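In what follows, chain A forms one complex with chain B and a second complex with chain C.
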Partner chain A sequence: MIRILICFAVVHDTENVLKSDWENLTSQNPGIEHSNMIIDTYDESALEYALQCKEMASKVTCPIHLTALTIGQSLSATIYQNLFAVGIDRVVLLKEKAPVSFCPSRISRIIHKFTCDERFDAIFMGQQNSITCNGQTGIRLSNLLNVPLISYVNDVVFINNKFHVKTKKRLQYTRAVIEQPAIYCFFNAERSYLRMATLREKLKVQSREIDVFDVDKTFDQQENEINLISLSYNPVTRNCQFINGQNAGEKAQVLLSLFMKD
Partner chain B sequence: MSRTILVLPNDDLENINGLFEIIENIGGAFDLILIGDSGYLQESNFKVPDKIQSIHHFHDLSMSQPLGFGRYSKSLAEFIKQQSYSLVISSANEDSNVLLPSVSTVLDGSCMTDITSLNEKADRFYVTRFVYNMNIIAEFELCRRPVIVSTSHRSSTSKWVPIKFLKKTNHFFPATDENWFSGLESETITEVDGLRNAKKVLVAGRGVSGKKGYDKVAEISKLLNAKTGTTRPLVQEGIAANHEMVGSSGVIVSPEKCLIFGSSGAAPFAFGIDKSQIIFGVNNDPESQLFRFCDYGIIDDCSLIISELLKLLQPFNG
Partner chain C sequence: MDTRNSHPQVRNRTYFIEILPPKIDSDKLLDDLDLFSQKYNRVLKSGFCACLTDNAMGKLSYQPIEVIQELELNSKPDQVMIHLTTFHTLTQIHEILDFCLDRNIFNLLVVTGDGSPRLPKLSLTDMGAVGSGKKNVTSVELVKYIHLKYPSKFNLGVAFNPYEPFAGEFAKMEAKVAAGASFIVTQPILAKNENLDVLLAKYADMPVILDAWMSKNIHLLSEAVGHLLSEDGAYDPIANLEAIHKWYPQCKICLTQLNFKAQFHLLDPDMTSFEW
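Up next, the complex of A and B:
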């Protein structure tokens, strides 16, 4: 059996946060607690590709087992029931009371400890988190585990018991067959949505529970390599001048003349 | 304290001059580490600003490292440790943003990529960078040494800043067998290049009403001799190709004129168009975030404006 670990973060959905909400932030808190919590978009790609690999493997003789792992104080039932419903075999919460944002070194050490206790053939994760934008967890984990890191993963398929990977960097796609356990960091992947579960699939898994483990307290005692000092709103630099007109035709005419002007 | 600038194989002169500009505001002398053998790096003498005191050139006979930086990070980490560099600065790009954290892990230092500013106060390093989907600017203290950062600051000049010549000290990366992958193939993406360097860009967002709307925007682009880009929702709906996506995780464009139809103006998208000289936006919501990034805006139904533009451009068709 091939075992894949998928690391995911649960983050604020910033798409629906209003400008006025951002402007109310305090120096250490963005003040968007009211916004929905979602799986980070980069990690959604990692989860979706893991599910696709599992489906490909089910057609041959080598089954794939999927473990989805997150770190935080809690995990909502809506999120984990959906993960079970779409085909994730096991969901693990590493319970950590201390804030986990902006601590890539600590996060990678916590995941490293978990992976040392269990054997995985591949680790999938988003290359970065849309909130902290660090993009360091996968890289640090690769060094700690001493396994190769494949960054900018755009597509993965599972053929003949091997992962065939496609990466996209600058003006180049690169394809290769991966021969050893590795970490796959997804960035701007071709399939960036996690599939939706049907009602029937959700009902089937509604009694399933996640595995919860407390994070070793020694991780909190170590000094962070990065300290957050303050947060401030990103100001806008352009002053928009609106094009007016009696109808769309008039506005389009002004727009076109401005656009074509040298 | 020793400091160094790291120049990577894919850096261009705007990157290097940008780094030279950054160090003007930071105390101390710097070394310069060049990696790779491409183009301008082959010169035996190198023109540098006064603050640069020595140059180390790491040659590599097989530069293609599309899948990993393992051996570079270990060799560089060893060299940085040997030279006791307390600060390492590189330009931010797809290579450095993977290589630098990797080097930092080996050295147990502090690393931050894509920083927008760097300050040194009382022997402490402070940096700023965008967070929360680029809506917020955060200030951090980088506590451990060495401090390793990449910056997206680019100089406006693509010519050398000629101050003095220095001779380089040559080093070589050790050759290693990469046996963890097989069947390596590469393919150049030509379409992205066209969009990235286009002088005029039209962007179709979610508000263009599906495939028909997107096709109409592409038709207008053709008539205006512009390139067509798109936003994430249209790629996710399968309407547009992945390589046409404009934004922080797609193509960053810098045209003279950029016209955007029906985008909400989410911060990651705005990052991809912000280098445009003049930005035009069309959205039916006067409160749309899009207008924060525009020089000219139209509050109206996108489909109507698109149809009117097509009518106006019909005489030029064919």
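Up next, the complex of A and C:
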């Protein structure tokens, strides 16, 4: 059996944050307390790809077992019941009272400790957290575990007991076949969303519970930690340039000549 | 194709009552299902028609057919209307239609829908409408498709928005009727409306169901009608319902966002506190 660990963070759904709260961002923290808690966008891709690999594996003789792991004070039943309903086999909460936002050193060491206690053949996670992102956790975990890191993963398929991975580089895509344990960090993947469970699937898992473990206190130490000094907001501005012309054809001609000139 | 009046029962129900299936991200799913079941049974017992929405306003919810199935709800003929958007796979569309036939649910309100990036979307290839000049599948293609694959099986309704510019909305309505629509449901009506008057005159033979917004939530109402409404004066849903009855006595009414605790008893003709 192949065992995949999927690491996910639970974050505020910033889609629902009011415009007025965002406008305060440069002077104070945005008011996001009222927003829903959701699985982070890139981690959602990691979970969906893990489920797809499990489906592909079920068609051959090599089953895949999926463990979804998160770190925090608690995990809402809505989130973990949905994970069970879509096909995640086990959900683990590593209970940590201290804030877990922007502390890649501590988070990677906590995940490392967990993976040393249990064997995993692949670790899937988002490339970075959507809020206060640092993109460091996967890299640090790769160093601690001494396994390859495959970043900017765009697509993964599981064929003949191997992960066939497509990654997005600056100007092109790269494809590789991975045969050894590795960490896969997903970023703007082709399938961005976690599938939706049917009502029947959801009702089936109502009584299922997650595994909860307390995080070792030694991880409270903050040595070698990266600190978030400040968070700033760069508003997107548009510099409109009006193109003169009597009709669309004339305007297109002006635009074309400007483009050719540049 | 003219399927008008093929199911005249639509004319004979006094109220169509919209009920929203539980949301996908509900944190009290069992309670929400219980509440849905109570509302549904109450509507059917009262002789009204339950209208079950399909991801209304783009909010992801469970499908009406799966709620009916899992809760083992009865579906009396002509007392259930299912909303159907174009945000499904073709397989899902057939599952829904087959289920409806099996449960004697013949009234469907076919709308393009608000959708969500999380939902699949029917393609022109699915509908056999490649080369039709359309870019996306709308309710027109879906109505045509249903009549093609399930001839004379369903009574298909379409939406009319009286707040949209006249010419465009009427051109769309003509296409919907030509595709086989046999009844019309409007957006919430808040005043006597010129576009609606023209619609009623033009499609005098077709049942038109007017939407009455029963919540005091003006924000949500603005979203529903697609125009920002003033919040200066408090909106009185009951007074608005009374007014719609007076303005358009010939029409049936669909109640959206009905408060079952505070408003449902007013719909019972024996208990009504006002005349209509």
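Following the convention adopted for this analysis, the second predicted complex is superposed on the first by the 215 of 262 C-alpha atoms of A that agree within 3 Å, B and C clash if a C-alpha of one lies under 4 Å from a C-alpha of the other, contacts with A are read in each partner's own complex, and residues count from 1 in each chain.
As a working rule, a residue touches a chain if its C-beta (ideal position, glycine included) is under 8 Å from a C-beta of that chain, and two chains touch if they have at least 3 such contacts.
Fair warning: this is a prediction, and the values are worked out from it, not measured in the lab.
Of the two partner chains placed by the overlay, only chain C lies in contact with A:Ser76; chain B stays clear of it.
When both complexes are overlaid on chain A, the residue A:Gly249 reaches chain B alone and has no touch with chain C.
In the superposed pair of complexes, A:Lys202 makes contact with chain C only, with no contact to chain B. Once chain A of one complex is fitted onto chain A of the other, the partner contacts of A:Asn161 are absent, as it touches neither chain B nor chain C. By the touch criterion stated above, A:Tyr193 is placed in contact with chain B and with chain C alike.
In the superposed model, A:Ile150 makes contact with chain B only, not with chain C. In the superposition on chain A, A:Ser58 makes contact with neither chain B nor chain C. Looking at the superposition, the partner that touches the larger set of chain A residues, chain B or chain C, turns out to be B. Note: residues 192-193 of chain A belong to the chain B contact set and to the chain C contact set alike, using the contact criterion stated above.
By the touch criterion stated above, chain A contacts chain B in their complex at residues 12, 14-15, 17, 19, 22, 25, 30, 32, 102, 104-105, 108, 130-136, 139-140, 142-144, 148-152, 154, 165, 167-180, 182, 187-188, 190, 192-193, 223-234, 236, 238-243, 248-249, 251-253, 255-256, 258-260. Interface residues of chain A facing chain C in the complex, by the touch rule stated above, are 36, 76-78, 82, 192-193, 196-200, 202-203, 206. Interface of chain B with chain A (complex): residues 10, 66-70, 73, 94-95, 97-98, 101-102, 105-106, 108-114, 126, 129-144, 179-190, 192-193, 200, 224, 232, 235-236, 242, 245, 249-250, 257, 259, 264, 266-268, 279-282, 289, 291-301, 304-305, 307-309, 311-313.
Within the complex, the chain C residues that touch chain A are 24-27, 29-30, 60, 62-63, 66-67, 69-70, 117-118.
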